[in-house]
Every structure is written in structure tokens, then in C-alpha cells.
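As written, the chain order gives the labels A, B and C, with residue 1 at the start of each chain.
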């Protein structure tokens, strides 16, 4: 199968997910509210000292994105198992990497929405001034969400037909995304603080490198899951 | 009732007509955890024939169809569709078979037409043909009026019809049907019978697993009865025990366990 | 038998290296006796990485050859690796307490990396445990093992940056604060322990692999037994008591294979 066709099939799958999401479950909305409540609870746990919250804000933001993202990528695979759709998907004469890519793209869309809204929530709740940090923040969010969607889609595929998948998805995935979390938090902190040590570029490079390596590894191995 | 065209996958180059069996298995076995769903089935189905797969629940009918459809790998033995090994040439096999499984593989939040449109795109139906084929397929399975309704509101029978409609979108050479009559009303069952007849006319091989033997019998060339993962009986034409030595596999030796 | 000899040699080597490291090498100028933990700590960490490398490689080979023996190697690597990882963390903490004053030192990239490593492979073992079908288990484990191994260097790299990029590190690289009184003897003791541990590792790997194969054979024997039983039952149904009766509609080769 040619590359354009693979890409087109992937987009078809992603578009189907988006359509189902807009139509039906509005699951992203509920995931968003869940993450917002988590951010509120962080405030209770660390507040009421606003300065302490502001210092911890990059870490709290990314923890909220990680928790919400786990739910989002897990659910995107679950909708494929309702009526045996994942098996059906595996039986089309298509490149199996396209199935991975399609689910990863819809995962990325969900993650980007989550990331942008949660950034706003953090700014409001913890009183953080985002002005001036926009380009760096957008880049960080984008790279972080790409990596999360790439890894999350892979592990969602591993666990979707497993017993205890609700536990196994985070258990398998969280150690793997540790470098992503670390780099994203550092980059966010650097962006918000005006990058006094000039380390922002290094963290963004680490994020980009992580994304590329993980996308290749996951895309190359995901297909084996479908021929059990 | 309107009649869509039945699309037939072209013969593989180098394969002279009908000399190659549409389906052949050798010592095919599949184990799930502690039980043997298939315990060594060697079967040969001739091209263009309609063959029934009979047997009680748990006899191995679904497992056999799933292996032929490349949904699962065999534990032992081999299986070929149009001369292509299901484990090795899965990609090509998938482009030649149509498989109706127990699960319909539909998306609840999409309409009937959207479900078929999604399938048509993944089946690589040429874009100008997509809409006409969807309309024709929906009309064929009696869902023309429900085209723009969401599948979540469909009854089990309507879902089955829609899944059948998906089989009509693209060319195939082998059709595998797992309990096509299940959940369907009288009209729906007639529809299945009619489709099988049309596949026969088009020269497509059909392997159909069913409990509705009386209903199916007049449509069949031959039948295989499975029992506990083994062939219990073979009747009629078009299907036989496969005794052809297969150079690609070593059959399992089962003498040791006594 | 050969495996047992390897085990005995490994055990003796560990005892010899321990005696050498504990009594022959003089204490470290800075850290005193605490530095002696380094011998087992470094050896454990090295073997943990080696084990996980073996697991990833065996996973690749399984996906290529579809031979369940590679899956047994992967399992051996992961289990032995988890054991050495836990040992390395324990050693690191025991060393950190007298030297740094805390069991857990976030500034140390090695300790943090190793903790993540433990989490990665405990997850891997649980995944195996939760999948019943041997082929499915082998496939899932193989790809998760490969992706985990790819992740290890990134984790290590990122944690080093994490410590290095913001200049608040109060502790330098642990190897640079070692001041062995007799450098030659220290290196000799370290190398000796490394060799001894590697011998024990080899023994454990072989034994774990053999155990996995035996377990698999028992399982497999049961499977083939079930197939045979199914075939025999079919033959008996078709041709009741007198065993010499014609097989009738039953596939003739069934009887042949079952006898």
C-alpha cells in the first residue's frame, strides 16, 4: 500500500472518531471537567498560598493533562470494541500502521483540546500570566501532546482486550512517558519564567526527539497486536 | 427487489480456473487457553461452490472462519485462501475475502450510510462509485429508508442487514458467513438466501456456518459437519478431505499422548 | 549438569570476590566502608540492563521467527532483570544513607532511572500474567519489551539533563567523589564482582529458561492431549466398541494419527 493511501486511510479513521465524538458521547467534555476538578483539588492540597501554586503550576498542569489523557486515549480504543469494530478494522485490506496512525491522530486532537483548555484553567485558578509566553507554550503543548498520543494509543491497543485494562494502561504507560512529563514540565516552567537559563530549546529538542523515536517504535509494532 | 452488481475479485495471475481450491486447510488446529477449538481439520473447498459448515455450538465453526478471515492465527497446521497462506500472505487474503462475523463491527454514533461510507473508503472503493454503491447496498438489504438513522437505534436484525450490506461494497472471491440468519426476520432470511444465490451466479465461493440447516440445504453444493473441532462428516460436492501434501507445513504428530 | 557446574563456579566466585572486596581492599578515603556497597551495586545495575536487552532482543526474534522458545528467553530476561534491578535500588539506597544522609537522592540520575526501570518491567511481567493464550502473550510481551527497551536510554538521558540543566546540583556524579585508597585493588575488586555476578546471572538465566520450557511443555502436552482426546472421541463415536471397525465417515488419517 502506498504512503498517500496509508495517510488517507488514517485520516478517514480519525475523521470517523471525530464524527462519533461530536455526535454521541461528548466524552472529551466530561474528561475536561474531570481534569479541571483535579486542578481545583491540587489547589486545595497545596493552597491557599498562591505563590506555592504558581511555582508548582507547570507540574500540576501536566499531571492533569496526563490523567485526562489516559482516559481519552483509553476510551478511543474502547469505542472500537463495542461491536467488534476493532476486529473488523483489522480485516480491511489496509496497512495496519494506518489504523495506529488514525487512532493516534484522533488521540492527538483530543489531547490538544484538553491541553489548551487546561492551560487556561491553570492560568485562571493559579493566577498565572500567560502573555508573552504563548509561542513557547503552544510549541510545548503540541510536542507534549504528540508524544502522549503516540505512546498512549500504542498502550491502549496493547491493553484494550486485556483483563484489568483500567489498571494496566496507566501501569504500563506512565513509566514510559516519564521523560516526556519531565521535559514538558521543564519547558513549560522555562516558558512561563521567561527562560532565564536559556534551557527551553534543549527541552523542546528532547520532546521532539522523544516524539520521533516513540512514533516510529509504536507504529512499527502496533500491527502485531491485530493478528492475535 | 433491486439488484446491485456483485463485484468479483479477479483471479490471481498464474492460477488456472478452478484448479486451485478456494479454501484449503491442512491439520488446522487452534487452541484457546485450556480447550482445543479446532483439533486438526484438513479440508478442501472448490472454487465457486456454496458450502455449509454445520455442527453444534462449540464445534469449531466460528474458529475455522476466523482463521480463514485472518482474524486469528492457527496454533498448528496451515490454511490457504485462493492458494495464499493466511498467516504469511494475510494482506492479500484480506483483499479477497468478505467476512460476516457474529459481531457486526458497526459504530453506534454513525448513521447506516456513514458506516458504509467508512467501510467503502477502507475497502478502497473508487470515490465516484462510493455513493452509488452505498445507495444500492442499502436498498439491497432493505435499509434504504433507514439510511440516515443512527445505528444506535437499530434492532439486532437491522444491524445484521447493515453488516451484510457492507459485504456488497467491494470485490471478493471468497465470502465467509457466520450465522447469517441469526437475528433476522423472515424477509431478512430470504434476503440472505437470495444473496447466496447471486454470489453463486457470480462464481464466488461461499462458506456459510449455520444452525438453520433446513433453510440452507437447498442452497448448498455440499456441507461439512464439525464436531468437537474435527470433521465428523462431509456430504455433497465441492468440498472434500484435503489430502494434498503441503510442502510448507509439517503436520502435527499426535502419536505421543497415548 | 553443566548448568550446575556454572552455578557452583558462580557461587564460589561471588564468595571470593566478596572476601576480596570486604577484607583485602582498604576502605575508601572519603566514604569509608560504605563504598564497598559499590561492588554489588554496580554489578547488579549492569546485569539489570543486560537482562532487559536480552528481553528486547528475544522479543524481536520472536516476532520474526514466531518460535515460543524466544518468548521463554524474554521471560527469563525480564524476571532475572527485575530481581537485579530491585537489588541495585536496594544497594543504592543503602549506599546513599551514609554518604548523602538520605535513602533517596533525587539528584542521582541512576537511582531515578532504575526506579522507572523497575516499574516498566513489573508492568511487563503483569502483562504476561494477565494474558492466557501463549501466542497472544508472546506477541504482546515482545512488543512491550521492545518499546520499553527503546525507552530506557531516553529515560536515562532525560534524567541526566534534568539534573544537569538547572545548576542546583549539590552532589556531583557519585563516581567522581570516590577516593579509593588503593585504586588498583578497587578496580580489581569491582571487576571481580562484575565477573562473579555475571556468572551467577548466566546460571539464573539458563535455569529460568529451562523452567519456562518445562512449564510450556507440560502445558503443550496437555494441549496435544486434548487434541488427541478429541480425535479419539470422534473415532469412537463413529466406530463403536470393536476397535477394528471401519472408520466410516471419519477422516481415515485420524485413526492413523491417534494410534
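One rule holds in what follows: contacts are C-beta pairs under 8 Å (C-beta built on N, C-alpha and C of every residue); 3 or more make two chains touch, one makes a residue touch a chain.
Just so it is clear, the model here is predicted, and its values are computed rather than measured.
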Path length in the contact graph (chain A to chain C, fewest steps): 1
Centre-most chain, if every chain is reduced to its averaged C-alpha atoms: A
Centre-to-centre distance between chain C and chain A (centres being mean Cα positions), rounded to whole Å: 31
Rounded Å distance between chain B and chain C, as computed from the means of their C-alpha atoms: 44
Intercentroid distance (Cα basis), chain B paired with chain A, Å: 38
Multi-partner residues of chain C (at least 2 other chains): 133, 135
Interface hub residues of chain A, defined as touching at least two other chains: 227-228
Contacts with 2+ other chains: residues of chain B: 73
Residues on chain C engaged by chain B in the complex (per definition of touch): 132-133, 135, 221-231, 233-234, 237-238, 249-251, 253-254, 257-259
Complex contact set, residues of chain B against chain A: 69-73, 90-91, 94-95, 97, 99, 101-110, 114, 118-119, 121-124, 150, 152, 159
Chain A partner contacts - residues on chain C that touch it in the complex: 63, 116-117, 119-120, 123-124, 126-127, 130-131, 133, 135-136, 139-140, 142-144, 146-148, 150-151, 154-155, 157-159, 161-162, 165-167
Of chain A, residues touching chain B in the complex: 5, 8-9, 12-13, 16, 19-21, 23-25, 79, 82-85, 87-94, 227-228
Chain A - residues contacting chain C, complex: 154, 158, 162-164, 168, 171-172, 174-176, 178-179, 182-183, 186, 197, 199, 202-203, 206, 209-210, 213-214, 217-218, 221-222, 224-225, 227-228
